[in-house]
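In what follows, a single structure is set out as C-alpha cells and then discussed.
In order of appearance the chains are A, B and C, and numbering begins at 1 in each one.
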Amino acid sequence: MQFTAAQIALIINARVEGDPAAVVASFGKIEEARSGQLTFLANPKYEDYLYSTKASVIIVHDTQDLKEPVNATLLRVVDPYSAFATLLAKYQEMIAQQMTGIQEPSYISKTARLGKNIFVGAFAYIGDNVEIGDNAKIYPNVYIGNNARIGDQSELHPGVRVYHDCLIGKNVSIHAGTVIGSDGFGFAPQADGTFKKVPQIGNVIVEDNVEIGANSTIDRATMGSTLIRSGAKLDNLIQVAHNVEVGHHTVIAAQAGVSGSTKIGNNVMIGGQAGIVGHLHIADNVKINAQSGVSKSIKNPHTAVTGSPAFDYTSALRSQAVTRKLPELEKRVIELENLVKQLLMEKAGI
Amino acid sequence: MQFTAAQIALIINARVEGDPAAVVASFGKIEEARSGQLTFLANPKYEDYLYSTKASVIIVHDTQDLKEPVNATLLRVVDPYSAFATLLAKYQEMIAQQMTGIQEPSYISKTARLGKNIFVGAFAYIGDNVEIGDNAKIYPNVYIGNNARIGDQSELHPGVRVYHDCLIGKNVSIHAGTVIGSDGFGFAPQADGTFKKVPQIGNVIVEDNVEIGANSTIDRATMGSTLIRSGAKLDNLIQVAHNVEVGHHTVIAAQAGVSGSTKIGNNVMIGGQAGIVGHLHIADNVKINAQSGVSKSIKNPHTAVTGSPAFDYTSALRSQAVTRKLPELEKRVIELENLVKQLLMEKAGI
Amino acid sequence: MQFTAAQIALIINARVEGDPAAVVASFGKIEEARSGQLTFLANPKYEDYLYSTKASVIIVHDTQDLKEPVNATLLRVVDPYSAFATLLAKYQEMIAQQMTGIQEPSYISKTARLGKNIFVGAFAYIGDNVEIGDNAKIYPNVYIGNNARIGDQSELHPGVRVYHDCLIGKNVSIHAGTVIGSDGFGFAPQADGTFKKVPQIGNVIVEDNVEIGANSTIDRATMGSTLIRSGAKLDNLIQVAHNVEVGHHTVIAAQAGVSGSTKIGNNVMIGGQAGIVGHLHIADNVKINAQSGVSKSIKNPHTAVTGSPAFDYTSALRSQAVTRKLPELEKRVIELENLVKQLLMEKAGI
C-alpha cells in the first residue's frame, strides 16, 4: 500500500511543507529510514537526523525550526509521536481487515459454528462443535480440536494448535507454533520401574486480552483447567505445565517455565529462562529475575528475587558480589591462619 | 457424550443411591465440580465437599456414612479412586476410537503402507515408503518424511514432524509441534572463520511406549541413530541433540537439553531446564535437579546432583546455604583481620 | 536407492577387492554398520572392526594390510575419509534433487513469483507478492506470509513459518517448526496495571548461508529489522528477540536466548541455554559458556565468560572451585574466631 504526504496529512490533521505528492509505503526510524519511508521527529536529541535522513516524509512538531534545508516533505502536527502511533495502528488495522473470508482448501466440521466476518486460512482445521467468534482470524495451518472455543476478535497465527475442549477468550493473540492443551506430564511410577500415564482430561482456559508468543506450550489440566487470566502477556518458547494458574496482567518473558499446579498472582513479572517449581504460590506484583530458579512460595507481594535457587534480590546481589572475590577471601583466611598459628607458637615459646 | 448414573453404575459395578437418570457429560474434582459432572470421594479429608459439591454424580466408598443430605446421585463401590480411574481410561479410549478413517484432503504417497483401522487427519503428509502400523493415529497437519515408520497404536498429535528414515515404535505418543529427525548441529570450522556443514545422514529411533511432549526437538544422528529407549518419558520444549541415547524409563522434564553424543542410562530423572554437555555418560538411576548444568560424566548409579556446574546434591545444598550468608562471612573475616592486626601490633609494642 | 560396490568404485575412483556386485543402501559407522551398509576405515585404531563389521562394503586405504579375512567388499582409495565424505555429499544432493515440482494441494497466491526448479510440498502456503528463488525447497505445511522473499537454493523444512515482509537470503536452511517474524514482545505498562501492545511493524532479515535449527523463534523488529548476518548458525529452540542483530559466522547452541535490541558481533560462540539481556553489545569472537547469564556488554573481543551473572571465565572457574568448599571455609573461619577469642582472653588474663 502506498500513500502520499497529502493523504497522510488528512488522517493526522497535519500542515504539509514540501511536496504533497511524495509517496511512502512503509515506516522507519529517523536514523535508518530509507527513501519511500515515513518517519517522525519527537525527541530533540535526534534533530540532526532531520537533515540527513533519507525518509521521504517526516512528521515534525508544528513549531520545529529548521537550521538547514530538508529534502523530505514535512508534516507539521501538535504531537508528532502520537500522530505516528495513530498511523501505525491504522496501518495494522487495514492490513488485518484485508484478511477475511475462507480460503480453500480448509477443513471445517459441519458442526462448527462460525462468527461473522472471520478469516480462515488454507489448511486450517476446525473440529466438531468448535465455536469461532466474530472477526476472529484463523491463519493457515492452524488446528482447533473438537469442542474448543475461540472468542471474538482473537487471532491464531499460522500453525497454532488448540487441543479439544480448550477455551480461548476475546481479543486474544497467539503466535505461530504455540500449542494449547497438550497433555500434562503426569506418570505414576510403578513397582517395576516403568511409568503409567495419568489421563489428562482437563482443559486450558485462556481469558480475554491475553497475548502468547511463538512456539510456547500450555498443557491441559489433569482435571479442571490450566488458567491464563485476562491481560496476561506471555513471550516465546514458554512452558506452562498442567493446572498452573497465571494471574491477570502477569508478564512472562521468553523461555521461562512454570511447573505443575503453581499459582502465580496478578501483575507478576517473570524474566527470561526463569523456572518455578511445582505446587507453589507466587504473590501479586512479585518480580522474578531472568534465569532465577524459584523453589519456594513467595508470600509477600512486591518481593523481588534472583538466583538459582532464588532468594531476595538485594541479598542475592550482595552474595554474588562476594562470590566473585571468593578466591581472594580464601587467601585472606589462609593468611589469617598463618598469623594466628604464629601468634600461638610464639605464645607457647616455640 | 452423556451418560446416566445407571449406565455408569453398570460399568463400575456400583450400587446407585439417588436418581439413576442423573446425567453427566464430564469429570471434575470434588472441590470444583459443576452440575453435569462426575466426581469421586476417596480421601476422607475431603468429605465436607460431599455435601457442598455441585457435581451430579459422585462415586463413594460403599461404607461411606452421610452426616448431611447429599444432592447428587451416589455410586457406591469398594474402591472409589480405582473406579474413577477406570472410567477416565474408558472415556479416553472411546474418544480415541472415534478418530478413525482418512480425512480429506490429506497427502498419502502411493508407496506408503497403511495399517488397519488408522486415523489420518486432514492436511497430514505421508511420504514415500512410509509404514504406518495398525490403529495408529496421525492427526491433522502431521508430516512424515520418506521411509519413516510409525508403530502400532502410536499417535502423532497435530503438527508433529517426523523427518525421513526415522523409526517410531509402538504405543508411542508424540504431542503437537514436536520435531523428530531435524539435522544435528554439526559444522566444521574453516580457516577463514566460516563453517562448513557436516552432513547429518543418520536417523532417530524412538522405541516402544515412549511419550514425548509438545514442541520438543530430537535431532537425527550424524551417522547411526539418536536413540530414545523404550519407556522413556519426555516433556515439552526439550532438546535432544544428535547421537544422544536416552535410556529406558528415563524421565526428562520440560525445557531440559542434552548435547551431542551423551549417553543417559535407565531410570534417570532430569529436572526442568537442566542441561547436559556433550559426550558424557550418565549412570542408571541418577537424579539431576532442575536447572543443573552437568559438565562431567556421572559414573555412580543413584547419584543426585544439582547446581551449574552440577555437583553432589548434599554438598551443593551446603554450599548454597553458605553462599547466602557470604556477605556476613566476609564481615567476620574483616573483623578477624582487625583483631589479629591488633594482637600483632600489641605484641610489637606499638 | 541402492548401489553396487562397482558403481561406487567408479564415483570415488577406487580399486575393488571382493564382490563388485555387493549392494548397499545406506551408510554406517564401522563399529555399528549392518549388512547392506557402506562404511570406511580411516583411523588405524578402529582396524579390529574391519574383521568384525557387518557392513557390506568398506572403503579402506590403498595400502591397508589385512591380518584376517574380511567378509565385505573392499574399495581401496588414497584417502578413505575424504572419499566417504564425497559420497555422503553426493547422496544428499541426489536426495534433494528428487524433491522438485509442486505437490497438490498447495496454496500459491497468483501474485507470487516462483523461481525455476523449485519444490513446493503439499499444504504449503505462499502468500501475496511472495518471491521464491531458483532451486528453493518449500516443504509441506510451510507458511510464507505476504511480501516475504526466499532466496535461491534455500530450504524451509516442514512447518516453518515466515511471517509477512520477512526476507530470507540464499543457501539458507531452516528446520521444522521454526518461526521467523512473530511479533516482538513489546507492551507499554498503563497506569491501571494493564499493558498496551506496541505495534511491531518491522521485519526479520536472514542473510545468505545461514542455518537455523528446529522450533526456534526469531521475532520481527518493532521498526527496522531483526538481523541474522550471513554465515550465522543457530541450533534448535533458540529465542532471538526483536531488533537483535546476530553477527556473521556467529554460532548459537540450543535453547539459548537473546533479549531485545542486543547486538552480537561476528564469530561469537554462545553455549546452550545461555541468556543475554537486552540492549547490550557483544564484541567479535567472544565465547559465552553454556547456561551463562550475560547482564553487561562485553567490549573486548576474544573474551570468554561463564556463570549467571556471567563474568570472566578464568576468574569464574576459580570462584566456582572455592564455592564448592565453602562449608569448609566457613568452618575454618569459625576455628579462627575461637583461637583469636582465646588469645584475646588470655591476654586479658581471663
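What we mean here is this: contacts are C-beta pairs under 8 Å (C-beta built on N, C-alpha and C of every residue); 3 or more make two chains touch, one makes a residue touch a chain.
All values reported here derive from a predicted model rather than from experimental measurement.
**Q** Quick check of your reading of the touch definition: is the inter-chain graph here a line, ring, star, complete or other?
**A** Basically all the chains touch each other, so complete.
**Q** Do chain A and chain C, two copies of one chain sequence, contact each other through the same residue numbers, with over half in common, or through different ones?
**A** different
**Q** Return the distance between the CA-based centres of chain A and chain C, expressed in whole Å.
**A** Their C-alpha centroids are separated by 25 Å.
**Q** By residue number and range, which residues of chain B touch two or more other chains?
**A** 105, 123, 141, 159, 177, 215, 237, 255, 273, 308, 323, 326, 329, 333, 336, 340, 343
**Q** Can you name the residues of chain C that touch chain A in the complex?
**A** 105, 107, 123, 125, 141, 143, 145, 159, 161, 163-164, 177, 179, 182-183, 185, 187, 193-195, 197, 199, 201, 215-217, 219, 223-224, 237, 239, 241, 255, 257, 259, 273, 275, 277, 293, 308-309, 311, 315, 318-319, 321-323, 326, 329, 332-333, 336, 339-340, 343, 346
**Q** Can you check the complex and tell me which residues of chain A touch chain C?
**A** Residues 26-29, 32, 85, 88-89, 91-92, 95, 103, 105, 121-123, 139-141, 157-159, 173, 175-177, 209, 211, 213-215, 231, 233, 235-237, 249, 251, 253-255, 266-267, 272-273, 290-291, 308, 320, 323-327, 329-330, 333, 336-337, 340, 343-344, 347.
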